[in-house]
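Next up, some structures in structure tokens.
Two complexes come next, and they have one chain in common, subunit A, joined by subunit B in the first and subunit C in the second.
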Partner chain A sequence: MDAIAHFFGAIPFELLLIQTVNGIVTGMILALVASGLTLIFGIMDVVNFAHGELFMIGAYIGVVVLATTGNFWLALVISTLLVGLLGAAMQILTLRPLIGRDPLTTILATFGISLILQNYALWQFGPTSRKLPEPITSSFTLFYLQYPWYRIVITVISAAIIGSFWAFLKYSKFGVWIRATTQDRVMAQAMGIPVPWVYTGVFALGAAMAGASGMLFGPLGSINHTMGLDWVLKAFIVVVVGGMGNLGGSIVAAIFISLLEAYAAIWVSPAQAVIVSFIVLILTLLFRPTGLFVSISK
Partner chain B sequence: MTLASLDRISPRKGRLSHTTVFWMVFAVIMALLVIAPFVLPVFWLKFLTEILIWGLLAMSSDLLLGYTGLISFGHSVFFGLGMYGAAGALLHSHPANLWLAILCGLAGAGGAALFVAYFSTRLRDVYFAITTLIFAQIFYVIIFTWTSVTGGENGLIFSRPHFAIPFLVDFKFDRYTMHWFVLALVAGSYVLLRRITRSPFGMVLQSIRENEARTRAIGYPVDRYKIVAVMLSGLFAGLAGVLYAVQNEFAAPDFVFFITSGDTIIFNVMGGIGTLVGPIVGAGFFQLLRELLSRLFGDQFPYLIPVGMVFIVMIIFLPQGLMGWARRWLNQ
Partner chain C sequence: MTEKWKDEAWAQDIWYSGKVTRRKLVGYGAGAIGAMMLVPAPWRAAFGAAKPYKIGSEQPLSGPGAIGGKTAVVGLQMSADRINANGGINGRPVQLVLVDDESKPDVGRRKSQKLVEEDDIDVHVGGFLSNICLACMPVWQEAKIVNMITVCLDTTLTTTHCNRYTFRLHDYAPAQAVAFGPLLAKMGKKWHIAYADYAWGQATRDAYAEEIKKNGGEVVGMTGIPLGTPDMTPFLSKISGNFDGLFSIFFGKDGVTIINQAYDLGLSKKYKMAGDGSITEPTNLPAQGSKVDGFVAINRYIPIFQGPLDTPYNKKFVEDAKKRLIAVDPSGPAPDKYVQSNYEALNAMKIAMEKAKFEGRKDTDKLIGALEGLEVKLGYDFPQGDKTLRKADHQAFLTEMIFEVRNGGYKLLEAVPKDKTLVPPACKFTA
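After this line comes the complex of A and B, so read on.
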């Protein structure tokens, strides 16, 4: 007992708090990625294996637009819109012909798209990583650290996007269409809702969210053609842990897993901290295979 | 070609039973593959041997994709553990024993398959793809970082074992015998897999593919069937890994990366899922396409962009794959 108390006593309180902030920052980006993924799944029953690549393309578009215009926020808007358009094109060209087929074919199709996008990025931008500069360089003192304001801004923007998306689903006409299609697509069609376009719109929305999160995350890490994989894997873990198709659960799970990884990073290297989320996933599959947070908002 | 012509002849003859025709075609193709080493130049022989190995991997995946209706992104794990199991056995046995390598490779792949199967089959089929992808990443991270055992990024290098049956034969593999050895195991696996898919067990798997809820309602323990299917599939994938390791004399973490699983799925879809023959054809088609593109446009050409486009077009317009026309006949 003593040893355990000593072990935990040895962690400085400041470090714990810093890691909490870090966990929430990455958690919000992850929530943004995962809510796009879970939205697409919940409504279209499509598991989008290309979601990580949309994230990556978002970051790359950001790099290009920033290099030409020099304005980060403009780049954010443009990359969000372009990735949204790309999503719409993807849906119309590849997923729409597959409506009514075995849902497994959509997994195959999105996997094919992820191959194309990833190799396109490799071909176009080469294997070397790119960097995005932080648009806000000022920082504040968090104990002994100079903590960049930009990270706080990301968290707020992510929360704002998720929040406005929530409001959009709840109050706008298109949001009502989306919810109606989720509940009963045949009936929705019968009531005159253009279901195929709802699908396209939903896919574009989810893609745009992935693109925005890629751009927002850009300055925190390096941008390369394989960056999507880490994020899509984490987002998959989040949607399994949170309950697939459950928006609230995904957000809670994203923050939960990111916090755990941040705390784990106190003791082990960040690369090994990933193992923690794997363990959470395995435990979830063992004890609550339908998701840890299913009871939270449906 | 042979398949096509005989298929056209068979209904007209009428006297020959389906089984006879099937085994005749099988024998003709086998004979062609057996004499291939005498005809093909060195490069193309190795190419063909590798296609057979990739074909075995793809066939193993077809048991899940085509017959059970599960998309597995975990086949890189089974393949990779087959490689590392073989590498471990070859590095630690003196003299290096081929049979021990196969045994260890199969044990590694089977163990991993049991682990992956247990967790991945707990959720409905859409999740199977996701969880196997995540497990592929877990195993990749473990193998990549556990340098003391797996050699980390560099992998393990060893020399090819002798082909030895005690008191009978003992010779060093050359390109001829390597090809025949691979061919024998791949052909044996094909016959075995064909037997499995046509057995009552295989019928239950196909019924799970068609309607899982109904199969469960009839009283079959669906989860247990799925676990056994994944394990069987993993064993054959592990065998492919062993063969690849023995042929190329190394085990590398790249092959554990999920890209290998992705290629396997592409082989299946291109060749035609649910046919067992299709995946081998698909593997050949894929490798030829890659070779052609890199010869036309250079090594740096991102061949996966056109291959990915062909893949998507095939999913939409030719979901049965190249061998789809023969599906019924092959499974009869």
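After this line comes the complex of A and C, so read on.
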């Protein structure tokens, strides 16, 4: 009994609660990035290696629009729409001609696009990091920390975007087309659904979500040509752990992995805490390759 | 049709009249060769009479390191252009052979091998990321090519991993820590160190921890954060307790992340903030905004005209660099230490190559001899100031600038002379 009491007494509950908040916040940003990725994979069987660059382009567009208009929320809407349009153009010009071919060709195509976008950003904006000022600068006291409200706002907006997207998939006509195409592409086409345009729309939606997450995350760090790489690697882990193409699973996996990392950071070094997500990935691939949360409804 | 010009009056004398004899051809040819031998050296070089020196340079031109690699190349190119405009080295022009290491050690090593085998370079002047510099050092050693490091700061490059082919004309963490230690002790006794968890960050952490202790202080905690962590908040949230200052060791975009997120969590208000100057390079300041105000840092070079940097040489250097930097960055940043150290490294190499009458790789030993103990003086070639390249470990010592960041600019607090940054050598050269 004493040992149990000692164990619970040794747990820093303040830090545990702080890390719970941190894990949920980081998890929701990651969920927004990963949901675009998993959507594109689930419906089109395309592993989009340019997803991180769409995230980065969203942030850069935000910088430009914010400098012009001075309105963060307007910049968020415009960057989301423009990255969505960029995604549509990418799909029509590079991925549509590859439909039905070896999946490796789409991997190579998106990898090529990622290099182009990354080097374009470096050429266009240069190596100097850019700033996106946060629209809300106030904070609240969370035990011994001053916790910024903006991080909570990001969580709420991310949840709202993912929720709206889920409702869109479930109740709109285009959502029904998307679900039908996911289930059986040939049958959907036979029923008159314009499958090529469904693909384009899906890619545009996934890209728009990446753009929105880039814009939302921008104020927490710096805007530079490689900012997307740091998020997209983890997003790939989330997509695999959640079940490839499983939207609900990815969201749960994003929060699960972020919480695990945040809790691990209480007891081990950050470098070791980061390894946790890779351990989860390896265990998933070994024992449940279809994904840990595959039972959660798509 | 094509032969019609031969009927023209002006062509009659020189071509079509049949007056070009073998004797005349030999005479004119000898005259032309003689004239070429008499023209001044710069023209000979310009006309290709002299074979150029091939200066290899491995830099991160893509990937995360490109943020600094792009400006590093500006410094190197500035120096090469200036050398060529002034007659080259030993009457021969220099030719830069740049390779992109993509910010990856394996790629860096492969490309270095290419510089040695395919490009047949004479010397190497470059290297940005410490892990890549460490990975490539055996390549230069095996090929017996002088390697002048231009950016890598990892301590072990000139200590435990030193070799007789590698030189570093800029500072390293132990020297910076010796220079910064006394001021850190005045700022506070108890410090927490947050650092980039890789070769350079770990070595720098050790150097500062030692100096803080030597100056009567105490390091109460250390937090190593992996490179490229976009959200450091879960790790920074753990930093709490009773201490005076948070000392940060990061570079590039991680430097922006730590400043922004430490400020957001209230750490900047609670603790004194200090750290390595790589955090506050000119390319990072715009993204840090006012959140970096009050940060005290150390660096070998900052683009200011105060104290020892208030010289016509530095003004000219900043002016020339700005004109070039705008081509790689439309925001037109001021030159950072990456531009400075690349510029000065090639200039130092020129002095040594001339002193050694270096002709190619066969003269590497003579070049090493010329570089060992090399003293360079403040001037247009060395706008940062005097430097001594120590023979015992091939490590340079130079003036260190301690400054505070305020309102998007730098305020010099103290310039520590090079003699007060000395640390004993810790290198044993092998063959």
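Here is the rule we go by: the second predicted complex is superposed on the first by the 279 of 298 C-alpha atoms of A that agree within 3 Å, B and C clash if a C-alpha of one lies under 4 Å from a C-alpha of the other, contacts with A are read in each partner's own complex, and residues count from 1 in each chain.
We adopt the following convention: a contact is a pair of C-beta atoms (placed from the backbone, for glycine too) under 8 Å apart; a residue touches a chain by one contact, two chains touch by 3 or more.
Given the structure is predicted, the values throughout are model-derived calculations rather than measurements.
Participant: Subunit B versus subunit C on the shared subunit A, clash or fit?
Facilitator: clash
Participant: Answer with first, second, both or neither: which of subunit B and subunit C does A:I18 touch in the superposed model?
Facilitator: second
Participant: For A:T200, decide between first (touching subunit B), second (touching subunit C), both and neither.
Facilitator: Touch status of A:T200: no partner.
Participant: Name the contact category of A:Y120: first (subunit B only), second (subunit C only), both, or neither.
Facilitator: first
Participant: Once the structures are superposed on A, label A:E261 by its partner contacts, choosing first (subunit B), second (subunit C), both or neither.
Facilitator: A:E261 sits against subunit C, while subunit B stays out of touch.
Participant: State whether A:L281 touches subunit B only (first), subunit C only (second), both chains, or neither.
Facilitator: The answer is first: A:L281 touches subunit B but not subunit C.
Participant: Touching A:P133 in the superposition: subunit B (first), subunit C (second), both, neither?
Facilitator: The answer is second: A:P133 touches subunit C but not subunit B.
Participant: Does the superposition put A:A271 against subunit B (first), subunit C (second), both, or neither?
Facilitator: Both partners, subunit B and subunit C.
Participant: With chain A superposed, which of the segments 3-11, 111-119 or 237-245 in subunit C collides sterically with subunit B?
Facilitator: Only one listed stretch clashes with subunit B, namely 111-119.
Participant: Of the residues on subunit A, which ones does subunit B touch that subunit C also touches?
Facilitator: 115, 118-119, 122, 229, 271, 274
Participant: Would you tell me which residues of subunit B are touching subunit A in their complex?
Facilitator: Per the stated touch rule, the residues are 69, 71, 119, 122-123, 125-127, 129-131, 133-134, 137-138, 141, 145, 262, 265, 269, 302, 304-305, 307-309, 311-312, 315-316, 319.
Participant: For a test of understanding, state which residues of subunit A touch subunit B in their complex under the given definition.
Facilitator: Listed in rising order, the residues are 41, 45, 47, 49, 94, 97-98, 101-105, 107-109, 111-113, 115-116, 118-120, 122-123, 229, 233, 236-237, 239-240, 244, 271-272, 274-275, 278, 281-282, 285-286, 289-290.
Participant: Subunit C touches which residues of subunit A in the complex?
Facilitator: Within the complex, subunit A contacts subunit C at residues 15, 18-19, 22-23, 25-26, 29, 115, 118-119, 122, 124-131, 133, 139, 144-148, 150-151, 217, 219-227, 229-231, 261-262, 265-266, 269-271, 273-274.
Participant: Over in the complex, which subunit C residues touch subunit A? Could you list them?
Facilitator: So the residues of subunit C touching subunit A come out as 62-64, 66-71, 197, 223-226, 228-231, 233-235, 237-238, 240, 253, 256-257, 260-261, 264-266, 269, 282-284, 286-289, 328-331, 333.
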